[in-house]
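In what follows, subunit A forms one complex with subunit B and a second complex with subunit C.
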Partner chain A sequence: MKPDEKLLQVYNLSVGVQQGDRYFPAVDDIEFSMREGEILGLVGESGCGKSMTALAIAGLLSDNLRVDSGSIVFEQQDILHITEKEKVRLRGKDISMVFQEPMSSLNPLMKIGKQVAEVLLLHNKRTAKEAATDVRNVLIKVGLPDPDKVMRSYPHQLSGGMQQRVMIAMAIIARPKLLIADEPTTALDVTMQAQILDLLTSINREYKIAILFISHDLGVVSRFCHRMAVMYAGKIVEEGTVYNIFNNPVHEYTKGLIGSIPTASSRGKPLVSIKGHVPSVFEEHLPCPFAPRCLSAESRCFTEVPRRIHLNENHAINCVLAEKVSEVEYEI
Partner chain B sequence: MKYFAKKLTITVATVLIVTLLIFLAFNIVPGDPVRMILGTEASQERVDMLREQLGLNASMPSQYINWVGGMLTGNFGTSIKYQKPVLELIGQRVGVTFTLAVMTLILTFAVAIPLGIYSARKRGKFGDKAISTVAMVAISIPGFYLGIFFIWFFGLKLKLFMPGGYVSYRTDISAFLKFLIFPSIVMAIPNIAVVLKYLRTSIIEELKREYVKTAYIKGNTAKGVLYKHVLKNAFVPIISLIGMITANALGGSIIVEQVFGIPGIGGLLIGSITSRDFPMVQGMVVFISLIIIIVNTLADVAVQLVDPRIKIT
Partner chain C sequence: MKSDAILETRNLVNFYDDSGLGLFGRSKKKQVLSDVSITIAHGEAFGIVGESGCGKSTLSKAVLGLIDYSGEIRVKGQVVSAKRTKSVRKQVQAVFQDPSGALNSKKRIGWTLLEPLRVHKLGTKDEQNDRVNQILELIGLDPSYKSRFPNELSGGQKQRICIGASLILDPELLVADEPVSALDVSAGAQILNLLDELHRKLNLSLLFISHNLNVVYYLCDRIAVMYKGQIVEQGSSDDIYRNARHPYTQALLAAVPDIDGTGGFADGNAAALREPSEHGCAYYALCPNASETCGERNPDLADVGGDGDEHLVRCYGS
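== the complex of A and B ==
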């Protein structure tokens, strides 16, 4: 794999909360990459740092959060170290984002047509008149059959599903290369979830827009993503193709997560869960934060810092014990 | 449209209730107005005459209906002191008060809005803290003190205006406006402090909302986010405040008018109360209430026009 094929590369990224003089790491030394047109799922429990990673890439970290170290390379350019002006040029045009709560993510006092067109006008791509045509087309594309009515509406006049479609329309209208979707279906009901995922899939195929899909729902990730990275307490514990990870989960956390998905065969049995709880950002972290909950933990898990071990080209793991399991048999 | 019809009905009802309350208040207050006007020494004949003249011999409901009915036809009653229609007397004074109010409001918003935006943008930094401190002081100083200070400092020390040298706009419009500048500053100072503090808080609250992230990710600069998205949202809760400030300014500032010797509505009200000119006081209270009700109704309508989600009834 040549490095220049990569759309996004994240190296040694650490992001944390700054409280006065104290700094608490929330994303701790993570590394992953995305190719053009790829859908990467970033999975983990709430508070594991997945949203913060997304916001760091988008450059939208709030004032109390800061990137401590590392680099985020987007198309051979370290976007952590470019000027604000260059960041502004990138946002909307090359990188866009869809959030969890569509209702609060839209400006309540601006009509939809104007909000969607704004992206094009900001990047000098169209005149106001041309933009209106583009907006109409993109609204039809995202599954809003009456675009003129939607354009004249205010956000509160639309349902949650329609609002999220508008958000997606806004995110794709300038044909960006990367779309960050931060739990885009969590606030929607189940039937709407499936429709939004179908929409994202078709956008990915048609426009070759890469999607960084943040989710806590392994089932959704397994159906929708090409590759996935599992995060736990600010670290990526396992990364690879969805196929490899679901068929040969190596990290005990990944195994636990996959084991806790209810299936048809487990009907009637008690739900499986991982014992213990996620350490808070403000607690002192162990070298391997999962060690206290890990079923195969040994004494060295509490002292040695796990390194990233590539099991093969499409499967990597962060675990001290991984040397033992590095001879995984892949059924191909 | 249905909304505006409803709003109008409610406004009219409010006005009626207010007149009823004013009427009852003036009747409940102990003491005979006729005796108050004429003094205890007056002969029974004169008392009876004035009582008849003021229509006080009729029953309370019919007195109320006569009074409200009179006002509907523009007859607010006759001042006892000046022996002239109340409305005519108010009309003579209203121009001065309204000019003062408009100057106060222009000053308030011209200063408070930029300062509020600046304070919110520099929140926590030196500029913001300096503005907040000055605003706190400005809110705390009583109006009469500030007025006296202005007369002493700008009038007597710097000789920028002539204290007590009010000139009617009928004589010299530019001298009239020049004289009103300093009282309007005195009236504007506490308003500026209140508006800028509310606006600052409102902008900071709005900046925390999710749509701000959306605005950034679309490719807006920090300025674009503020002026195109945040500001309009931040103004929604300020509109009612602006309404109240406007109504208060139009109702006339008794203190500032007294301190600077301006013959406005505030001065007229004080004069009428001290001389027990009760038809005059009653008429003026109704007039001031009307202004407050109308301006607040307009503010509600403005909120509704700016924010389509809000339905104030």
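== the complex of A and C ==
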């Protein structure tokens, strides 16, 4: 693969909920791409479709969810239209996932050593003995200092932070190219979160594993990711480098979201609050779902479809008034 | 002891029985709160911050009289009994983390808001109705919400109703235990703004509990940091946030990722440095600058002097 070639490209992806003969879009016509070794943050509030996007990429959508249109290209291969057998070959080996609740992702009846080794036995044709050595190494790598004891333990004997380390060990043991991390630190305390972010950073640097990092926490994303995409009600409203978005947010939703977070400097001042609330998936969406809450909305925002405009090569927005707001003065 | 204190706790201690593993394991008493003493002045917003298991919610439950404790709790100078009288309950009200669990899903919002008035037998029907309308206005919802059911409301709106229901008796102290943790960022901001406004407008005292130091700093005048059931540092919000003296507070501050561009990483401070000590400082195992003394005896809270206010630190090194 050439260095400028994309590892993952998502085109016009729409995923929705099928209820009887009715279809409700939850992810609506999004597109983004990831380079090799990049950390992309996908942020938004609950119900914005960020997890569903992740599940679609991993090919793990449950039966009532379906991809309505679009394509997901991973290493030049459209992974939406491959057989289940090919998906199985991909998952765990080239694309792996870490979820929010480590306890519910681990098998409570299987010792850690066996669980982590399973990936290698399935994908890399290792013997049990070879696998055990690899497991020991990867457990040390993820910061579990006594790997032999951990390998003999059952999940419930480990703390939440240790369980999440085991999940990460399992996800990276086959050296995937893409790690999808869906709120991996949300269930953890802040000091544990900091340790897990340290670990993910070192994995990213050392093994050049690209990370698609799904989070609702803008603070975490601002510190950890290279680029980010902000989602609202199934659409990506703004995308760019973390630096550009936090220093020059352009979409009204992004501005509101950043202003809603209490920081050291916001003490004593009212926080920005976006009026209204996020529409449910089952409500009828306007072409621009944010229009009813938007501070700069005009009458055409309620009828026209938002357009995607690149402000520069590292910053794009999706807005009806894109031409108007695209003349931003960059504060540097 | 300040005379205008709305709440004082003296040496609060709480245990729970840890029966250990196995059916016949001998039960051990585990201390959840050890000697927690706080004083909240009238009209003050007091924050408690700490990680899960540090005892912050146990403290709030003790203050509300929902669990057994030893030690003393005074509300407006009067010692309150473990079984709270109606008048004490009227003065100290609570808002919890999950608004969906706190509202009766089978009752309309109007019923929920009226209930405290009915229980405390306050006012005539008309007066009660006026009060409900007044509260709805205060929490920023229009009167039509009275006829709605909780499932018709968003998380943020439900939390507003919970705040409204807790304020309807005009309490002196509101205990808010992680009131924004279950909410989305934008809804959380609305609730924080509302609490801040109520605190200022009604001169309401707040005992605000959160794991998020940024949120506590935003809202509170004074902050106590808890670790393993003890207060390890306490002082004005600025002293805690800008001049933290306890190594645990410093680690906590460094771990909070801030969109201002700081924090978020542990920078290698991960594993325990030494075996925990039974009689020593609670933070002994993880502390980067612990000495031998730290492992032998737990330090007392000592005033290190802050910006005109007391700044208490439980550390030999401070």
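Remarks
In the analysis below, the second predicted complex is superposed on the first by the 319 of 332 C-alpha atoms of A that agree within 3 Å, B and C clash if a C-alpha of one lies under 4 Å from a C-alpha of the other, contacts with A are read in each partner's own complex, and residues count from 1 in each chain.
Going forward, contacts are C-beta pairs under 8 Å (C-beta built on N, C-alpha and C of every residue); 3 or more make two chains touch, one makes a residue touch a chain.
Owing to the predicted nature of the structure, the values given are computational and were not obtained by experimental measurement.
Once the two complexes are laid over each other on the shared chain, residue contacts for A:G256 go to subunit C alone; subunit B is not touched. In the superposed pair of complexes, A:A322 makes contact with neither subunit B nor subunit C. Once the two structures are overlaid, the count of subunit A residues touched is higher for C than for its counterpart among subunit B and subunit C. By the touch criterion stated above, A:S96 is placed in contact with subunit B alone, subunit C being left untouched.
Of the two partner chains placed by the overlay, only subunit B lies in contact with A:S104; subunit C stays clear of it. By the touch criterion defined above, A:A54 reaches neither subunit B nor subunit C. By the touch criterion defined above, A:L122 lies against subunit B but remains apart from subunit C after alignment on the C-alpha atoms of chain A. By the document's definition of touching, neither partner reaches A:L139: not subunit B, not subunit C. By the touch criterion defined above, A:C225 lies against neither subunit B nor subunit C after alignment on the C-alpha atoms of chain A.
Residue overlap on subunit A between the subunit B contacts of one complex and the subunit C contacts of the other is empty.
Listing the residues of subunit B that touch subunit A in their complex gives 209-211, 213-222, 224, 228-229, 232-233, 236, 306-309. Only residues 51-52, 154, 156-157, 184-190, 192-193, 196, 211-215, 217-219, 237, 241, 251-252, 254-261, 263-268, 270-271 of subunit C touch subunit A when the two sit together in their complex.
Taken together, the subunit A residues at the contact with subunit C in this complex read 45-46, 143, 145, 189-191, 193-195, 197-198, 201, 216-220, 222-224, 246, 256-267, 270-274, 277-278.
Interface residues of subunit A facing subunit B in the complex, by the touch rule stated above, are 58-60, 84, 88-93, 95-97, 99, 101, 104-110, 118-119, 122-123, 154, 156-157, 167, 170-171.
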